[in-house]
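What follows is a group of structures, each given as structure tokens.
Heads up, the next two complexes both have chain A, just with different partners, chain B and then chain C.
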Partner chain A sequence: MSLLPQFLIDSILLGGLYTLMAIGFALAFGVTRIINFAHGEFIMLGAYAAFWLFTGWGLDPLAVMPAVIVLGFACGWLLFKAFIERVLTAPNINQILLTFAIGLVIQHIAVILWSGNSRSTTPEYALKALTIGDAFIPYGRLIGCGVAVLLVAMLIAWLKWAEDGRAVRAVAQNSDAATLMGINVKGIYALSFALSSALGVATGVVVSFIITVTPFMGFPMLVKAVAIVIVAGMGSIVGMVVGAFVLAFAETGFAYYVAEGSGWAEGVAFVLITAILIIRPYGLFGDAEA
Partner chain B sequence: MRPELFLRWAGFVLAIAVLAVPFIGSPSLADLTFRTCTLAIIAISWNMMAGAGLISLGHSGFWGVGSYVAILCANHFGIPFLPSLVFGMLGGAVIGAGLALITGRLRGIYFAVATLAMSEGLRVIAVMLPDLTGGAQGAYLNSALFPGALAVNIAASFGAVVTACLSWYIGRTRYHYAFRAMRANERASQMLGIHPMLYRVSIVIVSGAMASYAGAVSVWYGGYLDPGVAFNLHITLMAQIAPILGGIYTLTGPILGTLAAAGLGEVTRQWLGHVEGVSLLVFGVTLAICVLYLPKGIQGGVDRLFRSVAKAPPADDSTPTRTTR
Partner chain C sequence: MTELLSLSNIRAGYGESVVLQDLSLVVREGEMVCLIGANGSGKTTTTRVLTGLLKPWGGQVAFAGTPIDNIAANHRVELGVSLAPEGRQVFPNLTVNENLLLGSYSRRARPQRKRTLAEVYELFPILASRRTQKAGLMSGGEQQMLAIGRALMARPKLLVLDEPSLGLAPKIVLDVYRAIVRTAEQGVSILFVEQNVRAALSIAHRGYVLANGRIAFAGSAAELRNSKLVQEAFLAPRRTNQGPAPVKVSPISTQREGGFG
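Right after this comes the complex of A and B.
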């Protein structure tokens, strides 16, 4: 028997999740041009929301997802209005440090409230798996990937056809021109940031039944999202999908085919970031203007 | 002129005090001084790179490399304390040169992300090469080579003073203006005859070597190292907080900020030390408040105070124009 089918299945399922994670992150970055270093913490908060609702009230993570998304949207909007809006025109360094600090604060509030212990959400489907031939497909990952693909498809449709979605794209392309077209640019910034946060918590809900939930889970996921965006370049959704799958295949490949690979796989994102920054600083699909 | 003379004396007295503490201070004071000195070194080092427009989110990488080189020198080759510090600095310088060359023209956010990637990548390497580094379980420093707490404390104090002097010296030369020009606009600075790549590589080498020195001294102080300790994000955070708190892009800022951050750290440790995570929470809140409300830090506040004292009669000539509106 070969590892290949299993490798392909794992990579594809992981790639779907990574797509959701990266697109959520990239939405705020692409529109406001501020790297939100607190995005990982939104993923963490989403995972905790799913965990507490599941253990406290026995609610299924998928059932509570819409409510959690609405909550994440509200939190993101408040965060933008309270803090991010003040540094929109500030130097890069202030923006980086501010979001970094916000992430740190959220993370350590979580540590204080819920301790650093690892937890996991275990709805029934998270423990079962489907077997096709030699390949082993955990239902949790399958459902997670399905939900991720659905959410990403909804976002893309919204960006393509909805009035607000088109405004978001216009602002991402050129905020000055968008202003001249009568678009409320600050409003679109707030909307994108809030939506990005909502997708962040949605990612958290999905991963809550796939990986363990800890206050520190956000940062590695943030780094992966950053890696994907760097691979993709700015403003290309296709690029984002490709980047997510490149990372997923590379990580899974390392874990499967290299000795002690699952340890090294953690470093794949960093190697990818470095490699792309050297070869093509604007990403595979970005253009030099961005 | 007055404030500058005052500052020079204050700096001189502070340097003497820092150098004297290892000899005459109580153990707890010496411990506090040690931690403050290593913090000062990384703060000044971070500020130096920031001054050239290079935002580092990877200072823990330099620190970790310094630590690992020092512990490797001691455990594998039996190299004693002082030479191991030199090798640690060399390690940081090499990593710095590599980082600067690889990142080439990257600026702002992209450079910051690359530094972050470097530091986390190094951590993965440290975890995955257990034969060399002790892996995730960590390694203890060869205690036979331990030069005594006094020597380690002196090394930290000395390092902090030298770092501050170096940063003061650079601030007085034309390099200072070159870095400032690069920070404002690298392409335009090129037109002024500045070679950005050369300056960038040299500043990252110097800054990296400094941070590695702090890491190398710390491993001798603690005697134990694992990847989590060496490449702790906390180090990166502290390297940023001190200059931001004190006043970024200035000479005195990182030093003032280090003192303030060390004080803040002590207070939180005394009052709330038993709650896990609270100290980083406090630092995060401090960082956010500084960025939002005090972008020039303590130094900026002090400057404003001096200016208003210097010309007291027509004080605040900017405010009336605003109120008449």
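Right after this comes the complex of A and C.
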């Protein structure tokens, strides 16, 4: 039995999820130039929201997703107004420490409230799978990937055609020139950060029925998002999609084709970060000057 | 003619370095006024102060008779002040059309966007043929036209142009100047900053000479052309009194590489 079809399916389904995860992370960074090290915690909060709503009230994660997204947007907005806005012009190290601290605080509040136990959300579709020949396609992953692709497509369309989406791209490229267009740059920063948070919790809802939910799940996902952005280089959504699939194929390939590889697959992101930073520090799709 | 823009006793600079000492100037409705001066004399700083990008240390900026010192830069666009900044500053990864659409982001301009867009494409036919091209891939002259067109998309009462001829071939300068004159003919007041003094005085009604952060001379275009100061400093084939080169204080660049999207 060949592993190839299964390898391709798993990689592609994972790549879709990674795209959503990375673009959500990169949106805030690309516009405000502040790396949000708490992005993983937003993913974790989204996953817990889905878990509790499912376990407590039997609500399907996909059904509650719009509400969770709105809540994530509101929390992101408040977080920006309360903390992030104050460090916009501060040294990078202050910004990093601030978002890192926010992440730690959220993570530990989650431990206090919900303990460190692993949980899983098990809607019916998460337990079923489609079999084509030898290949095995879990419905949960298929649905998760579909939702992720849909959300990313919506974001891209908004950036391309909406008035404020265009303003987001303008601010990311040149904030002074954007001001001269009459754009409220701080407002666009807040909007981008809030949207990024909304995409973060949406990622969490999607992974809640795919992987186990713990208070510590955020950080490894943050590392992967960072790896994808480094592989892609700043500024290119196409690059981000490619980066996400590069990581997905690399991790899956490692797990399938290297002896004892599945234990090491989680480390692939670090290898990619190191390799790209040495060989091509501006990423596959970034500008050399960036 | 009523005063549209007036700067009174402006003092401004960056960090510890003073750029504008005590600058006052006026642009009246329907006028085309040029501001000339050597590198580092404070021309760009003046445009940053009047558009609100830089907060002055002292003095007053008034537009249409009302002080606007406390009005943020993005809200000044709504009043009708529009700047085509130094170095063009187009959005490089956005298409020509997207750049122009952003020019009419303001509430003031959005309802008339379609009409203005058609007018701008008519004024700069080259932009119409490059509609879907990324702005960063165009030549300097085309980018300058785009920057002016983008500023016009805001339907300004006052159009401010910072060095519209810088780095352009003489023929292109002519095209750009023709467009500026046509814009003025439609009733838009214009303040433009130039190092190309001969060209500037060929179209301006009036002018100011800026030196060391102050207005050193003011008058009609003819008066400027005939003044000893302007002739010696700017129009003579070789400079006769070259003092120590002024220090160019650049504003902190906000042009960013990459970006998102």
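Basically, the second predicted complex is superposed on the first by the 289 of 290 C-alpha atoms of A that agree within 3 Å, B and C clash if a C-alpha of one lies under 4 Å from a C-alpha of the other, contacts with A are read in each partner's own complex, and residues count from 1 in each chain.
What we mean here is this: a contact is a pair of C-beta atoms (placed from the backbone, for glycine too) under 8 Å apart; a residue touches a chain by one contact, two chains touch by 3 or more.
It should be emphasised that the depicted structure is a prediction, and the values quoted were computed from it without experimental measurement.
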Does chain B (first) or chain C (second) touch A:78, or do both, or does neither?
neither
Should A:157 be classified as contacting the first partner (chain B), the second (chain C), both, or neither?
neither
In the overlaid three-chain picture, which partner chain does A:182 touch, first (chain B) or second (chain C), both, or neither?
second
Which holds for A:173: it touches chain B only (first), chain C only (second), both, or neither?
second
Would you sort A:26 into first (chain B), second (chain C), both or neither based on which partner it touches?
second
Now for A:93: first (chain B), second (chain C), both, or neither, which partner does it touch?
first
Once the shared chain is lined up, is A:101 touching chain B (first), chain C (second), both, or neither of them?
first
Considering only touches as defined above, state whether A:226 meets chain B (first), chain C (second), both or neither.
first
Residues on chain A touched by both chain B and chain C none
What part of chain C is in contact with chain A in the complex they form?
51-53, 72-75, 77-78, 82-83, 85, 89-94, 98, 101-103, 105-109, 150-151, 154, 254-261
In the complex with chain A, residue positions of chain B that touch it
50, 55, 57, 102-106, 108-110, 112-114, 116-118, 120-121, 124-125, 127-128, 233, 237, 240, 244, 248, 275-278, 280-281, 283-285, 287-288, 291-292, 295
Can you name the residues of chain A that touch chain C in the complex?
26-27, 30-31, 33, 159-160, 163, 166-170, 172-185, 233-235, 237, 286-287, 289-290
Hey, which residues of chain A end up touching chain B in the complex?
35, 83, 86-87, 90, 92-94, 96-98, 100-105, 107-109, 111-112, 115-116, 215, 219, 223, 226-227, 230, 260, 263-264, 266-267, 269-271, 273-274, 277-278, 281
